[in-house]
Amino acid sequence: MSGIELIFAAFALLAWGSGLLAVTSKQVVHAALWLVVALGSLAGVYLTLGAEVVALVQLLVYVGAVVVLVLFALMLTRAPIGISHDLDASRGRRLAAALCGLGVAGLLGGTLVAAVGDHEVDPDTATGSPSALGEAIFGGWLLPFEVLSLLLLAALVAALTVSRGGGER
Amino acid sequence: MVVGAVIAGGVLFFAAGVFANRILRPSVPTPEKMTTYESGVDPVGHGWSQSQVRYYLYAYLYVVFAVDAVYLFPWATVLRQFGWATLGEMGVFLGILAVGLVHAWRRGALRWS
Amino acid sequence: MTTTAALLTVIIPAVVSVLGLFTGSRWRPWAREWAVLGSLTCLGAAVLEVYGVLADGPVRQITLLGEVDTGIAVLSLDLRADELSAFVAVAVALVACCVQIYSTAYLGGEGTPDEPLRYPAFAATVSLFTSAMMLVIHAEDLVLLLMGWEIMGISSYLLIGHHSERDSARAAAVKAFLVTRFGDLGVTIAVVMLIVTARTTAIRDLLARAEELPQSTVTAVALLLLMGVAGKSAQFPLHTWLPDAMEGPTPVSALIHAATMVAAGVFLVARLLPLFLAADAALTVAAVIASITMLGAALAALAQDDLKRVLAWSTISQVAYMLAGVSMAQAATDAGPGVFHLLSHAAFKAMLFLIAGCVTHLVGSTLMVHMGGLQRTNLKLSVLFGIGLAALAGVPPLSGFWSKETVLTAAEHSAMHGGGWAAWLVLVSGMLTALVTGIYAARAYGLVCLGDRRPPPADGGHGVHDHLPSAMTGVLYVLAVPTVLLGLLMVHPPELLESAEIALPTAALGTLLPLAGIAWVLHLQVRCHRDVADLLPGAFRAFLRSGYRLDDVQDALVVRPVKALARVVAAGDRDVVDAGPRGTASLAQAGGIALRRAQTGLATGYVTWLVAGALAVGIAGVVLA
Amino acid sequence: MIHLAGPLLLAAALAGTGIYGLLARRNAIMVLIGAELLMNAANVLLVTASTLPAGGLSALARGASGPSGDPLIPGQVMAVFVVTIAAAEIGLALAVILLLFRRRSTSDLTLVTDLGEASESGSTPPRQRDGEPVTAAAVGGQSLQEER
Amino acid sequence: MIDLGMDLGEIVEVVVRAASIIVAFIALPLLLGQTEHKVMAHMQGRLGPMYPGGFHGWAQLVADGAKFAQKEEIIPAAADRSIFRIAPAVSLLPYAVALTAVPLSADLVGADLDCGLLFVLAAMSVGVLGPLMAGWSSANKYALLGGLRAGAQLLAYELPMVLAAASVAMAAGTLSLTGIAQAWEPWWLLWQAPAALVFLTAGLAELQRPPFDLPIADSELVVGPYTEYAGLRFAFFLLAEYAGAVVLSALFTVLFLGGWQGPFDDVLGPVWTLLKTGLMGIVIIWLRVSWPRTREDQLQRLAWTLLVPLSLAQLVLTAVVVVAV
């Protein structure tokens, strides 16, 4: 195991562990904060895979913005301090959920590892540099990029409408 | 690498400070001390009396634009290379988003009231 | 200069129309100035074009939309400007201009119900129509021509239905649209056939290669085109829409259903004359159609009670003259007589319609029983009316005389020089029509201008006015100029009209017949105070008045069978085909009742099932693979 | 050099965790957290794919291990796009949840079963939360009645 | 960037670099704080601290630190203890991380990153979590409201800041901070002036310093999210504010003032950077002293209706100039 693999493993374990805590924590805000840790360590994972810009975008957008949105929403829905008992579904449903989760993980992991698991790659930070990404986006991926702006516009307008909808009726 | 080291160092510094604090400080908890501070009177009600959706709206507005700002950076590095065409492309992207901003403005979402 | 002028004639009305249709209320007060200015500029451009063409010769290719590669043929959507297009463009522009000015008073004047809202739309649609007509005239490519052709159809629909609050107007609009569409089908198919077989729709290529194309193709194409011509130019048997189209406002009738659009069919034949010459059968068919139409329509005009319908039937008859003139051609340069009649007819028929509008304005009705004594009440108008009718009847030296005689001379020439029975048919029919034309023209003059004032219509009429706005009378004088003087073209004919000649014997006969008719009718009217139409047997007159009951024939032959077929199909659909779905529906309903128990409304529950299902499929896929 | 099994296993594990969060949670915002994990699992795969040499998996099988020569580096571009889409998605979803909360004073998905056939819409009594009677639910109940 | 196959010398280098950053991260804010005491005092016609340490009270803040370290820490009974405890670290650490990428001169930099600018912005954007966590976990009305305000404010001003930074990046054609400073030319002072103005304003708001200190407005919200904090953790929040000011000044220097550029910059480069940074620090203090606090509504309106459009206009200007030249 090389050094970079060690670092990768550390980030990956941290990401997965905090992800697991995020979906099992009994306290809502803790769950959201564990999500922060998970997303942050995933940024580390991306770094080790040579995707510098993606990692920073992950930090800037996910940690710096999306999670803040989640926290805002939690606070506006009066997230209580301490353990909430109504976060999780019934035992049976949880069991089914766990089975499904295990199944998905097993299926994905099994097929992926069986397919390409025994190869090694050499991540190259050059592919993750901003200029490389810029060339890709504005060279070959222009249309999806422009369509994204429409998506964002639609989402913005929809969110405005939805968040005002309650008061008008 | 250095970044990781700095993070580690920072955490270390914080932990060391807290540890020193733990050693140095007195600890005499009393119920009065532990109550929530509310300008000297006993706490009334819950902290949730103020919850306004406008905070959320501002935050979401930011998210939308932060996402678009993210694209500005790769763009900035290839602008010289790609020239006017890229400028136009980003113009279209920003223009569409600007429609959203103007819409929000017209709807009064930017008014703090 | 020619290039620019030709482009402008197409573009200016288009721009005016788009601006008129899509600018907001702020510009509405300017709609009138806007429309008039646009049509005036268009007229200027058309005159410039004539000048350019006469001075510098025709321009064969003016790039408009560039080339379109359809895969099997490269279409170059270009314009052209030659004498044919230039002269017709002037006619169109002149009439359009007069109509726009006239309409400002007739439809957009103070106090008219249309003034605030519907006049701008009206003016814009007229501009749109003008632009489309200009496109047809100048098109160098059949696809482009077809585009203009269709736009004309739709603007005609809109304008006929202008008074959309009236059921009859809506019905007339739909009828006109459907009938002309039926004809347009032929044009469309012809264009497609040309694309496939000739690999081009450029008119100059087609004309140059008309001889090389397979005979069957050319004949089929020519016949299909003739179908469109019959539809657009209201020729038998697709003429039934035109009398009904008189539901539109009178200026519209003047512009579209008298002067320009109905002439588009004739124009198309003239434009593609070499193609038709390569297909003898088509020209013969055209001659027959024209012969039947001119005489039949003239007779129908004789029996009408409504002034506008008289003019409408006379239009059908006169357009048939043009078609006859073109169909008598024996060489590619022989379009002259038909086109000449097209030009003169545009002038005097537009004038006649506009006068009819004036009379309606004064009387409040379009029925001739409510008119009379115009000579006493408004001498100027009645003189103008008389000039127009005289031109229509072909009284020398008015324009109608020259153009009609050239058509008759062409027929005679053709008959004498191996044109066969069709030419004789045209000649005889044309002579008879000239007589009937004289009769009904004189009858219309007698009913409207002579005698005493009639009592106003029982319901008081709508909008009886005391005087005429100058915008309405002014343009009549403008139109009277070409009506009277167009014959001067014969003094020094341009290349286009060089084939138009007048043979003295034919002309003499063709003049004496209508003059005799006129004299007889006026004598009857003045001395005996009798309407010449009353001489017809009642049933025959009703038969003529209803346009030979062709609507009923069509109803019996086409409409009712189709409706019956539709009923059968609907029944089959309902009782046979639908039985299966209905059975399925009840089955599904039963299943739904069973399944609704599973709908807990719990979103996460649904997702669980979804994921479990996807998982099952995935695992199955892996295992099976 | 990184062994590919690592990122792939991480993606699989994250996906499983996300699915669990998606299915097992009752609080709507918590459900969204599961969805975010799921999206990030996809992102891990995308970024991993961008490390593949030119020619992708088949080239890998031939023994190539060099950096991707593909100028489009699609994996990373798509990853950035995914982040964008996730931002749009979660913002809208949270707005809906906030609306729900203002109407019903709850973000518990098991209490929102109006679309179901089996439950009588809105008749579910507001549950007790954290042992204290939900007085605020009176507001929610009232707005419910207004809606019906 | 990552290659663990390094020898001992490289490891030592990394440690030294990290250590110096940490030291700078602790020392510079103290220096700035002391400067603030003195400058403010003189602007207000008084002396400020004079006694600790003898010469003009230079040790005042060290003494303050020692005092904070000895104070009792009180965590309210209703609070969420774990989050309450780590919130100061979340506020503090991002600035340390950001400082890593800020260069003193062309080769004197903690970590010279390819996309250093994006890195710094990303790191600073994480800082918004600190006040939110603190505000929520305190279970206090003032704190919660302050936390929400802080969150909204930090988010709102993050945007113009990012846009202004993007303008400079575009002008330089690179995201590397050293690259940007190297590409800087004096006429940028004029060309990028709106961006600089926006960046400074937004940066002040990011720091929640006057005149944008709404979240901790004592007349409305006591100290906002930090109401319940005491002792060393409160000191950490204070430190975060000054550290932020230092990072902002340094970043402003690199982006808009050409970093180490100046006469003899092959030798004096770091000095120039420090000088300009210090100047910016004094400007920040000056602004604090001379501007009254804004209102909450003015705050958001300023961000969305003035700064964002202004920075967008600057972006357009920059882009056009870049492409045209």
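Letters A, B, C, D and E name the chains as they come in the text, with residue numbers starting at 1 for each one.
Criterion: a residue touches a chain if its C-beta (ideal position, glycine included) is under 8 Å from a C-beta of that chain, and two chains touch if they have at least 3 such contacts.
Quick caveat, the model's predicted, so the values are computed rather than measured.
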Subject >> Common touching chains of subunit B and subunit A >> reply: D, E
Subject >> Most distant chain from subunit B, judged by the mean position of its C-alpha atoms >> reply: C
Original post:
From the centre of subunit A, which chain's CA centre is farthest?
Top reply: C
**OP:** Could you tell me which two chains share the largest number of C-beta contact pairs?
**Re:** A-D
Original post:
Could you state the distance in Å from the CA-based centre of subunit A to that of subunit D?
Top reply: 8
**OP:** State, to the nearest whole Å, the distance from the C-alpha centre of subunit D to the C-alpha centre of subunit E.
**Re:** 33
Original post:
So how far apart, in whole Å, are subunit B and subunit D when each is placed at the average of its C-alpha atoms?
Top reply: 21
Original post:
Centre to centre, by mean C-alpha position, how many angstrom separate subunit C and subunit E?
Top reply: 78
**OP:** Find every residue in subunit C that makes contact with two or more other chains and list them.
**Re:** 604, 608, 611
Original post:
Residue numbers in subunit D touching 2 or more other chains?
Top reply: 19, 22-26, 80, 83-84, 87-88, 91, 94-95, 98, 102, 110
Original post:
Which residue numbers or ranges of subunit A touch two or more of the other chains?
Top reply: 2, 4, 48, 53, 57, 60-61, 64-66, 68-69, 72-73, 75-76, 89, 93, 96-97, 100, 103-104, 110, 130, 133, 135, 137, 139, 145, 148, 152, 155-156, 159, 163
Original post:
Okay, what are all the chain pairs that touch?
Top reply: A-B, A-C, A-D, A-E, B-D, B-E, C-D
Original post:
Taking the complex as given, what residues does subunit A use to touch subunit C?
Top reply: 89, 93, 96-97, 100, 103-104, 107, 110-111
Subject >> Contact set on subunit D toward subunit C in their complex >> reply: 19, 22-26, 31, 109-110, 112-119
Original post:
In their complex, what parts of subunit B are in touch with subunit D?
Top reply: 53, 56, 60, 63-64, 66-67, 70-71
Original post:
Okay, in this complex, where on subunit D does subunit A touch?
Top reply: 1-27, 29-30, 32-34, 36-37, 40, 43-45, 47-48, 50-53, 57, 60-61, 65-68, 71-77, 79-81, 83-92, 94-99, 101-103, 107-108, 110, 127, 129-130, 147
**OP:** In the complex, go through subunit D and note every residue touching subunit B.
**Re:** 80, 83-84, 87-88, 91, 94-95, 98, 102
